[in-house]
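Lettered A, B, C and D in written order, each chain numbered from 1.
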Amino acid sequence: MPLTADARGVFPIAPTPFFEDGRVDTASLDRLADFYLAIGATGITVLGQLGEAPKLGHDEGVQIARRMVVRAAALPVVVGVSAPGFAAMRALTQEVMAAGAAGVMIAPPNTLRTDDQIVGYYRQAVEAIGADVPFVVQDYPLTFQVQMTPDVIRRIVTELPTCVMLKHEDWPGLEKISTLRGFERDGSMRRIAILCGNGGLFLDYEMERGADGANTGYAFPDMLCDVVRLSIAGQREQAHDLFDAHLPLLRYEQQPGVGLAVRKYVMTRRGILATDAQRKPAAALSAAARAEVDHLLERLAHRDPRAALR
Amino acid sequence: MPLTADARGVFPIAPTPFFEDGRVDTASLDRLADFYLAIGATGITVLGQLGEAPKLGHDEGVQIARRMVVRAAALPVVVGVSAPGFAAMRALTQEVMAAGAAGVMIAPPNTLRTDDQIVGYYRQAVEAIGADVPFVVQDYPLTFQVQMTPDVIRRIVTELPTCVMLKHEDWPGLEKISTLRGFERDGSMRRIAILCGNGGLFLDYEMERGADGANTGYAFPDMLCDVVRLSIAGQREQAHDLFDAHLPLLRYEQQPGVGLAVRKYVMTRRGILATDAQRKPAAALSAAARAEVDHLLERLAHRDPRAALR
Amino acid sequence: MPLTADARGVFPIAPTPFFEDGRVDTASLDRLADFYLAIGATGITVLGQLGEAPKLGHDEGVQIARRMVVRAAALPVVVGVSAPGFAAMRALTQEVMAAGAAGVMIAPPNTLRTDDQIVGYYRQAVEAIGADVPFVVQDYPLTFQVQMTPDVIRRIVTELPTCVMLKHEDWPGLEKISTLRGFERDGSMRRIAILCGNGGLFLDYEMERGADGANTGYAFPDMLCDVVRLSIAGQREQAHDLFDAHLPLLRYEQQPGVGLAVRKYVMTRRGILATDAQRKPAAALSAAARAEVDHLLERLAHRDPRAALR
Amino acid sequence: MPLTADARGVFPIAPTPFFEDGRVDTASLDRLADFYLAIGATGITVLGQLGEAPKLGHDEGVQIARRMVVRAAALPVVVGVSAPGFAAMRALTQEVMAAGAAGVMIAPPNTLRTDDQIVGYYRQAVEAIGADVPFVVQDYPLTFQVQMTPDVIRRIVTELPTCVMLKHEDWPGLEKISTLRGFERDGSMRRIAILCGNGGLFLDYEMERGADGANTGYAFPDMLCDVVRLSIAGQREQAHDLFDAHLPLLRYEQQPGVGLAVRKYVMTRRGILATDAQRKPAAALSAAARAEVDHLLERLAHRDPRAALR
């Protein structure tokens, strides 16, 4: 079931569950898979930045991907394979594709500056992973400090047929979606799936600009699924109402550095993860911050009763 | 009426109103002053980054400051004097202080990296502006790429008695407020005013962490005044309710680059500015973006009727 | 005498001479002009980064440019007009062109990231300064953190007829010169002058790649003139011998931050500047560093007797 | 033979030899070891940045370190263990120390900004690798964009007894050496070894400022050994004469990005490496660049006959 440009809906970015001693918690990983299936996710992405991929060994990464592929067999699983060298990227890609992954996600290294460097990097990446592996371009300037213009994305899409999806998380990024969809309409670029990241901070309007869904790790992916569904169904104000109810927490989770701690804490409170442990180096939540998240959860439960913790 | 460490409440960051041809629109500037007085602002900051200060000539800057000082005579006016060289900083400071400004605001140049460089820069800045001029430290890493730890701020406050306020806009920044207030409690730092910027994105919890108010340019500074008042009065949930009602628009305005265009557009729709013109180089709003802001304003009017446009 | 794409030879970047109290030292400025004329410079650039332009007021900048134009009447004078806003850039350009400058130099602001942003910036700059003013593109990624590919430079040159010169100081940058000259040969770009900066660190091979000369501020511009002449005359090994004799000092001067202090110190020892004062903020030379420069000068005098101090 | 603060002389940074197909070339690795022993190196560093460490798998890295430890048994071998996560850093450290390495080298991740973050990072790193493993702090702001003040280094040295060496490659960096040696003299910091990197570009004066030697990968490490020896022996002018003879090539090799290609090409021409292959992504030398290096080698042979290629 290879990933195609028809992908849509919500591909949650799965956090990697750890025990306090740093080992991978496979039981929580299984619970995550079951949860994503239950809420109507249409795919899953593992080993992303906020899946703490750079802190995992090669074998650990493969095992996490394999376990998710087996457990969530009904869904396409995309695996982050970004690496400083192409040898490691190729090795990881081959193993996870052999294990049944639907495709891979590649972020640009933060040394790239010019348009040509970016296009050249993806060209070399495809040489490394093979011209038969569908891949997702991750466009996240806030973290990677690499700016991809719509034109650069069009060049990548045009030159590399296995580019099937954009993980869109530029900030601001609404115009970029409009421009890319315009390229498709004027025939200068084939259609690709655009799923939005950046914590979901603009998902409400991104859907209206032409996005196909979300590809992010907000601790209530069930809300993301509902907003995407409502938006596609044309129930605009309902989509915004639901989104706005979550925005205070979502905004809190979207803080650089500390955001993953918030996300894991909420998912622990929701009973999905056993602990909110991260591998070092990691930012932790202070007692004050935990109290703030608790407060946000309480207020959220009033505005979105389905988000109430049991 | 020099600025002191007792400052609190809301010091809006005033945008600089322009005509379409780039000239300064003094009638709109006067309306801004009157508006800030009417809503209960406790001070005003002019010539900040989002006041397009780097695009103003020296004389223009002085005239804007002078006009605001005269028109809003009841309020302390802080003037941004950041400049690549200390000669220009001193010249501007001397003129605006002579004209009746309450103090100046100084941002660090983006070349500073180490703690010592930052402290050293402010030491030299005080030599330049004079040891009798109250000043505000602007801590905005997202824009200036200068990271100030709480310890660096304590060193600046301790060494330089005329440092009376922190324009706090680190992101994430809640722990920084707690740490600084902790320094005050343990006696290792004298008290300074902490007013929060960063578009107000975390003002709700910043107040609870010990901030004294806001120092930002959100297009509804009346909401900022109300949230600060409610928070100080201990009406916690009411403060959050009001804040949350504005968060969808506030988040939209807080986009890098395009945010000022949103702000000026809203203030034009509110009838405060005559036009939303910016000096070049500037980012403009697309038709789609304007429609989104209009939509946000409509939705806001339902949740905060006082924010309804006339 | 407008600047044209036929410019070649050496346009020294003039330091701005100051007295210890920070005032501009016009007598030293005159000596600089006379010195540049005497050594065979073919042009002069004032108000560059290392001319401490950002620390000068508008009127000071105009006066410096005007004085240089008058004193060095036989040479084209290029004036750096980089500014955060286009209003200031236009005002400075109009005054210095009226005073007889040959053209202006424009560096990109460090916020530009994508190819389109860079081209768009120069398009707007030309709107600001006027389509009749010859200009130099400054390509200095080490300082400005803006990466211009050869393709971007070609787009600028093609779209903007008044772009007549590239101040080339990318590092590494040799291939860029070859590529640009290749564009000229294959007819895809009109010829422009390429003069090299970056302290002259690669001038030896830059000339062989097709550069037209130097546009930098090394404290022995007489050597730059000689190397350019020897290289153009095909006296390859003599050019390298002379260049290599200076390389130990040149490398020492090419240190970020402290380089201007070295340059001014040497020019003071050479009797060209009255003092090595800089405006604040500025890096100073330690006693140890001064002794090292003295040592480098002694060793240089043995290898290039014409570089011996009187 | 654990690394101690008494280390001095030259620890070349070993490139990792590859075949054209990307496999590690162990025969060339052995030749490198023999070569370093023959020229009088006092130690060897493997798996540095310019050893292409980020492109190696864990097992490959261990095997390279182990082979070097065995082959160059008379010399202490330092192993670069920088990694995005501490788990990988610990795993690599344990294996290479068990294999007989003398210590490890740790570079700061480029996300660190403040003094406290840097000190905190090394504190956590020591927790990860164990308090019994000697380590080298790599201070290379040009590549890592992390600025360590002398005070930060003093804090690391004071707090962490297993910090025994600084790989000094700040630029400019001469004053930093003087300041650190001053800390030792005034008793505020224990003595550590300071070996200089940055391609050796300032080794001549770094030795005079108090450095203990070099820790860099210039293609003629024999020259580095000689310069260090001459400098320690007080033969100042001879040290400079030899250094200056190599400076034109050394400067050419010290170009960001393309420098490793120059280094491997020269070492291939010297018969030490079988090929100049790098793993992708990598910058390659153009034909023009190879001709320039050939020219530099010819000129060098005239000034330092011992550098003549056979």
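Keep in mind that, in the parts below, a contact is a pair of C-beta atoms (placed from the backbone, for glycine too) under 8 Å apart; a residue touches a chain by one contact, two chains touch by 3 or more.
From a predicted model like this one, the values you see are computed outputs, not experimental measurements.
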Neighbouring chains common to chain A and chain C, by label: B, D
Distance in touch steps, counted as few as possible, from chain A out to chain D: 1
Rotational angle, Cα trace of chain B fitted to chain D, multiple of 5°: 180
Proportion of interface numbers common to chain C and chain D (over half same, under half different): same
Distance from chain D to chain B - Cα centre to Cα centre, in angstrom: 47
Approximate Å spacing (C-alpha centroids) for the pair chain A, chain B: 34
Chain B and chain C: spacing of chain centres that average the CA atoms, whole Å: 38
Residues of chain D whose C-beta touches two or more other chains: none
Complex contact set, residues of chain D against chain C: 171-172, 174-175, 178, 201-202, 204-205, 208-209, 237, 240, 243-244, 247-248, 251-252, 255-258, 286, 288-289, 292, 299
In the complex with chain D, residue positions of chain B that touch it: 113-116, 141, 147-149, 151-152
Of chain B, residues touching chain C in the complex: 22, 52, 54-58, 84-88, 91, 109-110, 121, 124, 128, 279-281
